[in-house]
Amino acid sequence: MVRVGDDGRVRVAILGASGYTGAELLRLLVRHASVRLVALTADRRAGEPVTAVFPHLGGLGLPDLVAIADVDWSGVDVVFCALPHGTTQEVVAALPAHLLVIDLSADFRLADPALYAEWYGHAHRAPELQPGAVYGLTELAREALATARLIACPGCYPTGAQLPLVPLLEAGQIDPDDIIIDAKSGVSGAGRAAKEASLFAEVAEGIHPYGLTGHRHAPEIEQQLAIAAKRPVAVTFTPHLVPMNRGILSTIYVRTANGAGVEDLRATLLRRYAAEPFVRVVAQGMTPATRHVRGSNHCLIGIFAGRTAGRAILVSAIDNLVKGASGQAVQNMNLALGLAETTGLEQAPLFP
Amino acid sequence: MVRVGDDGRVRVAILGASGYTGAELLRLLVRHASVRLVALTADRRAGEPVTAVFPHLGGLGLPDLVAIADVDWSGVDVVFCALPHGTTQEVVAALPAHLLVIDLSADFRLADPALYAEWYGHAHRAPELQPGAVYGLTELAREALATARLIACPGCYPTGAQLPLVPLLEAGQIDPDDIIIDAKSGVSGAGRAAKEASLFAEVAEGIHPYGLTGHRHAPEIEQQLAIAAKRPVAVTFTPHLVPMNRGILSTIYVRTANGAGVEDLRATLLRRYAAEPFVRVVAQGMTPATRHVRGSNHCLIGIFAGRTAGRAILVSAIDNLVKGASGQAVQNMNLALGLAETTGLEQAPLFP
Amino acid sequence: MVRVGDDGRVRVAILGASGYTGAELLRLLVRHASVRLVALTADRRAGEPVTAVFPHLGGLGLPDLVAIADVDWSGVDVVFCALPHGTTQEVVAALPAHLLVIDLSADFRLADPALYAEWYGHAHRAPELQPGAVYGLTELAREALATARLIACPGCYPTGAQLPLVPLLEAGQIDPDDIIIDAKSGVSGAGRAAKEASLFAEVAEGIHPYGLTGHRHAPEIEQQLAIAAKRPVAVTFTPHLVPMNRGILSTIYVRTANGAGVEDLRATLLRRYAAEPFVRVVAQGMTPATRHVRGSNHCLIGIFAGRTAGRAILVSAIDNLVKGASGQAVQNMNLALGLAETTGLEQAPLFP
Amino acid sequence: MVRVGDDGRVRVAILGASGYTGAELLRLLVRHASVRLVALTADRRAGEPVTAVFPHLGGLGLPDLVAIADVDWSGVDVVFCALPHGTTQEVVAALPAHLLVIDLSADFRLADPALYAEWYGHAHRAPELQPGAVYGLTELAREALATARLIACPGCYPTGAQLPLVPLLEAGQIDPDDIIIDAKSGVSGAGRAAKEASLFAEVAEGIHPYGLTGHRHAPEIEQQLAIAAKRPVAVTFTPHLVPMNRGILSTIYVRTANGAGVEDLRATLLRRYAAEPFVRVVAQGMTPATRHVRGSNHCLIGIFAGRTAGRAILVSAIDNLVKGASGQAVQNMNLALGLAETTGLEQAPLFP
């Protein structure tokens, strides 16, 4: 049972409030009817107002930034952790037990500590917490989320890939041995760190793939697809960097199985997501586009036939900072607290 | 006294729902607690769902598009008019008298029909309505707006220019004879019409001025500044097209008057806007940027000293589709209906 | 034997000089040492200077635009045809026989008139010319180009797809039944026509696929791959629109065949393109990016292993307006005239 | 008399070849008929091929990067210095006397060492070289350039400002006490250093001014305008950051003087630049745009009347990396070596 503040609102801390996912949590939570933001941390900017870091968040009455060490946890009910991987596991291990922890890093996504060590280059420093972590792809994990105390929010690419793929693998309608995910991401996915590769002049007016020899989201995707397929799955996953701020488009090439046709795939996804507030299978003749979900927690899915027999194309579009990160994190908090799932996430997409 | 529907909500029609300002009205009003959208018109797309025109507005339960001629006005309380100029005056003249009309076109902004004819190339077709129209730059017109029945919402450029200039002219702190407005706008300001000049490949990776020999927003700005200065005002106004979707940045060069210094200008604006929910004078050392108001109804204002003696620089940033159009229109509706002025406009800006 | 002008330079006409491929021909040919531009047509802009249509081409001494009907063909040796498909075949059929015709439209690319009719919606109006047309993917057609009188320049997407695929199909190293081409194009590929879908505000800050149910470049790609494979080929081809002016990135998923490994594919392509001036297989550890070929006639190719066994990923990058259109057309002219192949195409790419 | 290599070509070294101006020098000089590139330095990348730093410059036969200390100056005739300010003066002071030095930094632009110290925060470390440096705004300094041994290439903003302003000040047609320069620059002007403010997500989809309290190009502009006006000049200069890679647009507000009208200003500039290969006064009805000079050494200038009496608007457009930096540097080298001034700079602009 989560405690709340005197005003009946949940008291929330955000760790790592100076990055893009931190800013997005602020944007969403400052308008969340059941939340009061009580602590925002950014160790290197401690003592500064939020507007020194994010001028767009002025006039909202937000508390100043503090160091993690200076948070009074007795007045906090829920903590969102938007810290880099590696750091996160050490910080989370030191948090008091009464907190609901919602982590946006990669630290608690991989169930197998050996797999973590292989992809992240060091032994996990809080493996004892891993078994209790709930992998929070909301639409596919509601039951576990309702009682979770540590939620590992999925990566942005894995969110866009799993929403169309998991129901089809569960239905046995696609071949788990022939899945190709060609994903295209906006630049905010690389975070706010000052890197040459993220400079405007290095990204604008061009597109390129990256991580071709192995991206850390590949094992995360495979872990979750294997659960759906009830057998190991290996995917070909190629991320691309697109000159836009936000959005992930995943173009997924699959082979139909067990006699299923493209219309069967469509029917499965329509049925699976009929009642979902944020996932929508687009009408035939329409095509998902990232600009149609910008700033919202929505995921759009389209299903198309390939020109080669037995080949289907799945297309999903999300905002990497919302459904791919901070929005899904808020959605998970709502579920874990027993609040209406859409609270704070009602905004319609911003277009153009 | 405005009528309302059975559920206590105001019944709203939007004329011209297939343009960008129409879409933006939809985005804002669909989440407005006191509004029910009952009619959306787009003559050329009548019979189609909104998602055929704006796929980002799916899943919201919006009514299908209809022709203006098919609207049942008896069930409408407020009408937003987002039609092209010229057309608007004819449509508005034919509307029933019980409606509150909020117009986003240029048709009722110029008080002098002769000035309208000079700049728009034809005699005004509803001059009898002009005297009753309230020019709705909200922060400077609250009293008149409270009882308005026809509201002429300001142009996007005039909004960004007037908010910093009017209080300073009223205070006599700047010279009305030496005002230069160098404005930079995103491309959505040109509307959704298919024009070569608005093509991606004609706009991306470049910047240029336009309308140098006379832009229609110049007489509108001058009309309003003259009221503030209590004498005729002529401004040098240069709009530029910037490769971005949204936003207007106005860099305004003024000469201080009557012994006022830059700090006096700052004090005047701070005092004038201290209690405003949407207008904010930024702290010294900060600079307004359009990305800090994106998607919001905010206006940021900065005041700086020029290098040449007696010269000050005012900088304002707005989202042209929100404070520069649809957001201000909703703000005006709220005032005219006696609702809380910020209803439906609470969203924090979207960055990045 | 092509005739030339008195100054020893080939006299060139460009039909359709007011579109993007026309402008690009002008940019390249105005600096071509062996070319004199003698006629530029644009029926709707006849009588105007080129700078009225393309202000960036000022100060170059170009002739004014004329109507096609007003060209004196006796003073022309080579004609570049940058007209829309359909129109082109009628115009070309009416040209005098002494001309070398280099066509950038789709009209003479498909060898089978029935296939043309199926994809373009009308019977071909000059089928008698089709057998004499040479499909001009330069690197793969030098012999035929040397004696060509009518050259059909490949489409932009087909150029980016064939350069990596053809040598591998010829070598039998990849499975012709399992080819997926996920292509990403800049907006100039849609031409300069004023269409809502090409507006800045509809394209910027987003990405989406299109033509999922059948793009006209698919049969062109299949026709040419079938020649290489010596059997019919069907590909899954998904184009995407990217917010950039220029460039096509093709991410191609193939299955290796006949025991070939990824290194064998690399060896084949390295060998095939070792002496090519414009095609370059990038070093291992490097990744093709469209910004690295911008403004140049270059094609970069990379070869990577997929995570799933037997899967390889080919990546190619071209500038759609240069190697994908006007540059390749100039390259073909050089070959057909016996000039040095790189003349007029020496520019290094423009970055950033 | 500059020495040359055995092949009759000038042997050129570029110091700081890993930045954007360095890359642009490479792009231009690799196609320069009278130049052989013999040494490229980048201390932190010494030993690497150029393609490791700039993949777009592959296949050009460029020498590998070396440390400055490892250059054999006996085989070098001309050195381009594209190093950061401060560093430059120390490096240049240590170069052998036989070299023609063309500096792109700010180190030798300000004639007064005290002014340098005030704006750059430290005493100049090679003040003895300053008197011999020629300020190289090419069109206004040909005589001095012909015999120069140390050329200080102007800043990008000062180039765009001076070309329209200097002839008018010399003619006494504008008021030197009322000059406002509102400049808009692409992001490459900030260089390739990894800074948060230059990240794609911080720049895209927005515009903002910067340096409002004092930009280092202001004293440079004032120094040069004062020479033209034969009296001290202070300007109001406001740079803005625009989401584009390249280009500077300067919108300059002036007051006419001594009875001159806008047409007199136009006549002066037309006359002054009539024979210039790179500077062009656009026809009436046309407007300079940065995209019309992209990748070229061109400067476009327009002259317009303001709405307020006596006010004129000058607009100039350049590519900040070409005429604003590397192109002008090459132009200066050509002059200093007695080569045709346009050699290596013949490229037409790249649009779109």
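A, B, C and D label the chains in the order they appear, each numbered from 1.
Please note the rule applied: a contact is a pair of C-beta atoms (placed from the backbone, for glycine too) under 8 Å apart; a residue touches a chain by one contact, two chains touch by 3 or more.
These figures come from a predicted structure and were not determined experimentally.
Colleague: Among the chains, which one keeps its Cα centre farthest from the Cα centre of subunit D?
Modeller: When every chain centre is compared against subunit D, the largest gap points to A.
Colleague: Looking only at C-beta pairs in contact, point me to the busier pair out of A-C and B-C.
Modeller: A-C
Colleague: Roughly how far is subunit A from subunit B, going centre to centre by Cα mean, in whole Å?
Modeller: Once rounded, the distance between the two centres reads 36 Å.
Colleague: Report the inter-centroid distance (CA atoms only) between subunit A and subunit C in whole Å.
Modeller: 40
Colleague: With chain centres defined as C-alpha means, what is the inter-centre distance between subunit B and subunit C in Å?
Modeller: For subunit B versus subunit C, the centre distance works out to 45 Å.
Colleague: Going through subunit A residue by residue, note those that touch at least 2 other chains and give them in order.
Modeller: 20, 188, 201-202, 204-205, 243-246, 289, 291-292, 294, 352
Colleague: Touching subunit B in the complex: which residues of subunit A?
Modeller: Counting only subunit A, the residues touching subunit B are 20, 23, 26-27, 30-31, 51, 54-60, 188, 204-205, 245-246, 277, 280, 282-283, 286, 289, 291-296, 298, 300, 346-352.
Colleague: Please name which positions on subunit B make contact with subunit D in the complex.
Modeller: Touch list, subunit B to subunit D: 177-180, 182, 184, 201-202, 204-210, 212-214, 218, 234-238, 240, 242-247, 249, 251, 253, 287-292, 294, 302, 304-309, 311, 313, 315, 317, 352.
Colleague: So in the complex, the part of subunit C that touches subunit B is made up of which residues?
Modeller: Subunit C residues touching subunit B: 20, 186-188, 192, 194-196, 198-205, 243-245.
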